[in-house]
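Some notes on the structure that comes next.
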Amino acid sequence: MTANKPITLHQDRYFSPNPEERKIARRLFQLVKDLPLVCPHGHVDPRLFAENQPFPDPTELLVIPDHYLFRMLYSQGIPMESLGVPRMDGGETEKDRRKIWQTVADHLYLFRATPTGAWLKHELHDVLGITKRFTGATAMEIYDQITETLARPENLPRALFERFNIEALSTTDAPTDTLEFHRQIRESGWNGRILPAFRPDNVTDFMYRNWRGNIDRLTEVSGIDCTNYHGFILALEKQRQFFKSMGATSTDHGVLTPFTVELTENEAARLFDKAIRGQATAEDATMFTGHVIMEMAGMSIEDGLTMQIHPGVFRNHNEVVFEKFGLDKGCDIPMATDYVKNMKPLLNRYGNDTRLNLIVFTIDETTYSRELAPLAGHYPAMKLGPAWWFHDSREGMLRYRQMTTETAGIYNTVGFNDDTRAFPSIPARHDVARRIDCRFLAGLVAEHVIDMDEAEEMIVDLAYNLAKKNYRL
Amino acid sequence: MTANKPITLHQDRYFSPNPEERKIARRLFQLVKDLPLVCPHGHVDPRLFAENQPFPDPTELLVIPDHYLFRMLYSQGIPMESLGVPRMDGGETEKDRRKIWQTVADHLYLFRATPTGAWLKHELHDVLGITKRFTGATAMEIYDQITETLARPENLPRALFERFNIEALSTTDAPTDTLEFHRQIRESGWNGRILPAFRPDNVTDFMYRNWRGNIDRLTEVSGIDCTNYHGFILALEKQRQFFKSMGATSTDHGVLTPFTVELTENEAARLFDKAIRGQATAEDATMFTGHVIMEMAGMSIEDGLTMQIHPGVFRNHNEVVFEKFGLDKGCDIPMATDYVKNMKPLLNRYGNDTRLNLIVFTIDETTYSRELAPLAGHYPAMKLGPAWWFHDSREGMLRYRQMTTETAGIYNTVGFNDDTRAFPSIPARHDVARRIDCRFLAGLVAEHVIDMDEAEEMIVDLAYNLAKKNYRL
Amino acid sequence: MTANKPITLHQDRYFSPNPEERKIARRLFQLVKDLPLVCPHGHVDPRLFAENQPFPDPTELLVIPDHYLFRMLYSQGIPMESLGVPRMDGGETEKDRRKIWQTVADHLYLFRATPTGAWLKHELHDVLGITKRFTGATAMEIYDQITETLARPENLPRALFERFNIEALSTTDAPTDTLEFHRQIRESGWNGRILPAFRPDNVTDFMYRNWRGNIDRLTEVSGIDCTNYHGFILALEKQRQFFKSMGATSTDHGVLTPFTVELTENEAARLFDKAIRGQATAEDATMFTGHVIMEMAGMSIEDGLTMQIHPGVFRNHNEVVFEKFGLDKGCDIPMATDYVKNMKPLLNRYGNDTRLNLIVFTIDETTYSRELAPLAGHYPAMKLGPAWWFHDSREGMLRYRQMTTETAGIYNTVGFNDDTRAFPSIPARHDVARRIDCRFLAGLVAEHVIDMDEAEEMIVDLAYNLAKKNYRL
């Protein structure tokens, strides 16, 4: 069994074990390890910083909200109820936080060689000051230690934000959101930069849960009657302005496929009316979403918000789990995605416009070198989002660089996004990304593909400048 | 030209050439190199062990049954007839075993850097004691030496089984099989563990060669009238019980796609009746197979047999070769496969049931990180089969680990399967798999992703425990 | 900023940084670095060698015709007009060659770690003798130096051809081409081997620009009335003979997918007549092209021309750029391609015929190990083209070897093609290919997969013999 020995985060972790490459990677890492973290895309709850209350216990902090963590435990037969994941029907779930913590500790071996395992190790060690290895034997002791740690003022959310050296953190928000917490933060006098991002899926996709209710809510928050297409578009424009006034620099669009289509205003209005009457089909929803994406690109050209598209995930694949536990419970599964045909209308209409900054994410690695790098390596408006989700890991990020750089270069990519709802994991995630980029560049230097002075510029661009520039932060 | 120098199997073969990783890999390999071989999925003929006769000549042992070998030779224009592969029409083929052996030796350069080349080298050296390099010049001398070796009692099949240190070997058998050889082995008093596996494709797929005849044969062996759906299902259940009584721990399902669908009993019965009347269409066959896979999952929950699904291979792509030489002659070609949509019905119905042990194989590498690891990393019932067929090779197995581990961990995989009909290649195949896993883990240790004590546990799990556990051996 | 330091082409570039592998790679590279260049597939203009005029200025030589170069610059918002790319409407474009050269120099950082960057560096250093780093600061000085260099007799096209040590260079030519420049070269007494290749897309694809005009042109050059199917086929046969008489050893077929189909002569004639009447649909074009590919394979069996198929590229994806600047302006985008079903008719009819030499290119890497290597590792007629286009790069070529060799071996591949229209980049491209093959083989030697004497044979085969053999040069 894994001995009860101290946790160490080795200074050379994730670098190549080849001494020459390792030496170069170390030098490059020195240039970026202390740079501020730019977090232009994520899902941290702004309420954290508005209220600035102490984090509750370790289980609430690290286990219950982390679907990476309970997904893996569930895959090995551990019921989500026993991990305290709340049920939609309010049914029984484990309430004993210590017991849940113990269950995680007992199964920690499942996370060997996974990013979740690496992030957790980093959080325990660097954020929470745990120096013992987290095992079944040490679980309770560590639980107590973290509980004590969390109570201290230097571990309140705002203090951590500052300690993490975060320059800007974007949340992701519905267009119907009044951004109350963002407003509270601003008004509090605290100058941590927490920005909203405009994600209108809940009103642009007819098939979204409670679409009709969301439209009414949009009417309410915008003060514009959204039960007709014209009003709907005006309201979106108005809400974008509102988000922008609250600091937003980007929009975000989660779609099944990156399908785009150019409808006439009449066609779009007809589909919208059908949806208002409750008669829209799945096909109508697809067409309308494909059209609205185009409209959004047009608006981005006007108002300068960077536009993000996230396609290719089959959401809520496990209906049993979805019905019991709801959204984001680990059953979103990537699928094959075509960008070449789907994005042609959008790219043909707006892709040559240098005012548009369109960031396309991918979760289907097979498109990196085949479709995405060639598209981003041609269209002025298009950039590639980082290695996303199941790929925001050592191997995943390395493959991303290997498969996109030769065709698109690094300057058609946008640096790193942590894309997390787990606030304490942010430094860990940036640490992995920066180390992998150092590793990648060190390989290129050692193989005499680039010179050291080039690598020194590139690593700063990858770790810091590209994200700032592309998200206009 | 390749000099006539001795074969050596280097002790560090397949390990990283980086000294630090190599050193770690060596240490890990020490832990597993002498562990028994667990062979839960393969195609070795049980008759070998029932009869325990000496292997005939080297050509019959190593060339004629090995479609990996003659596939490559054929691809370079060497007629299969000249390699002694029997023709369906009984036409002329080369009978001179020495001449065939010489042809192989003369073209051995074609196998450089291929797994076939590596296995053959290992078999010659480690199993057959050949220390000269196999070349055109040494072919006849080696032929004679092997012939002599094969005649010795220590090289009879059962003796080799013991020398190979095989703990259990599963064959693959039709549901209509009476398992005569398995019975003979049991009754012989020899305690080598040779188990059947239940592969019902020949009765579940209406399009299978001689499906109607197979149904009659199923009626005969089960004693249940299988010309109606109800009887068919009862007979399958009965035959599963029979296989289980003969030691089976698993079923196996070869399908074009992993399509699954839930039909009502009436719908299924209607399709079955249509097939009995000889009127089933290809579409009917697809629907019925998709339904029977679901039924089989249900039965596995009842009787505890591990369920294997092997999709994604276009069988008998070369009709000219198929008509002349029949099945398994090297013209099965992998194709793109979707698991996300196809397996949703099955996974939604049974995937959350921890009693089911569903092993999904893949031959389309592009699905490793996109679909398979995310699915296996969520559904409790699903595990990933090993790098299969065209990928049971150094590079193939390494990519498998690199692309599945971060999302699914190693504990949602099931260790190694040799999946071979070539009995003497079994040690070679396990050797490659164990070495590649050592190499993979050594990299993780050297990059400070996992600790050495973790790697030491993981390598034993990968080489031995996971296969035993997941096949319930 | 990148310092103004000398360019160096490191002797070990692209080799593994692991000292053991590097040492082996060096030894292997010694065997091939001075071998003649075999260039069996490319797009260099034969007029260069017919006229043998000095290259004009550096911009004309290195920038304007290189769509790799201006594609990347365009993707970062630099208008193609400002790079001197000619407009279809004759509109204004930058005429000042020095200014264009400066723009490129100022943005050279975009090409870091890209093949374009590597080729350019090699061309400047090895072909043009530039020893200063190409930067914004040195741009004018280097411009002048190159201008002077180009004027010297030793840098005329024929002299460079000889200095590059090119053994044979194939162009790519329409079937309607009279091969005037090839003829001039022959008649000039210069014995550089410049060969045509027969690429009939402009008459076999009804949807090709000006198809009807091309048919008339085919009638004209062949002297056979091509307005009926029978005449069309006869003319193709005649033109193939003509090309062969001019030295051609291959045909080339650019297709959207590798779809093949066997039509009756009547069906084919009916489609052709429809097209002549201007009534062919896209579907008709697909069917006809799929049929003609089959006919071409049949002709290749007769006349011995090696047949190349290049599928999988969506041409002219950016209609705005296409309309403004025309073909080959960087907006061709690869797409997912199926070979298994599409090529079955052709492979079943002709794939077992050892007289056919069918080279299939791929640009969809996901098919390397899944489809292409298994097909090439079985069918005697089929070979794999090299890592093509977006993949003719360090990482791209390495992945190609890693994903094709285990299943197909190296002897079902055909060596390297530079596939370029940029004549001065030819040595750079072969240099990268040879180095990557050395690197790949060095890894295999260091990992004890192959022996050094095997690697020594293989590297010569990869760098020289395979291309000569498979293109029958």
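The chains carry the letters A, B and C, assigned in the order they are written, with residues numbered from 1 in each.
Going forward, contacts are C-beta pairs under 8 Å (C-beta built on N, C-alpha and C of every residue); 3 or more make two chains touch, one makes a residue touch a chain.
No experiment lies behind these values; they were computed from the predicted model shown.
Student: Hey, what angle do you get rotating chain A onto chain B on C-alpha, to the nearest 5 degrees?
Tutor: 120
Student: Given that chain A and chain C are copies and touch, would you call their interface same or different according to whether over half of its residue numbers are shared?
Tutor: different
Student: Quick one: chain A and chain C, Cα centre-to-centre, how many Å?
Tutor: Taking the mean C-alpha position of each chain, the two centres sit 40 Å apart.
Student: Show the residues in chain A shared as contacts by 2 or more other chains, in ascending order.
Tutor: 18, 336, 366
Student: Where on chain C is chain B touching in the complex?
Tutor: 16, 18, 20-21, 336, 338, 340-341, 344, 347-348, 351-352, 354, 366, 369-371, 373-380, 382, 402-403, 405-412, 443-444, 446-451, 453-454, 457-458
Student: Which of the residues in chain C end up touching chain A in this complex?
Tutor: 1-3, 5, 10, 12-18, 71-72, 74-77, 109-115, 118, 314, 317-321, 330-336, 363-366, 390-391, 393-396
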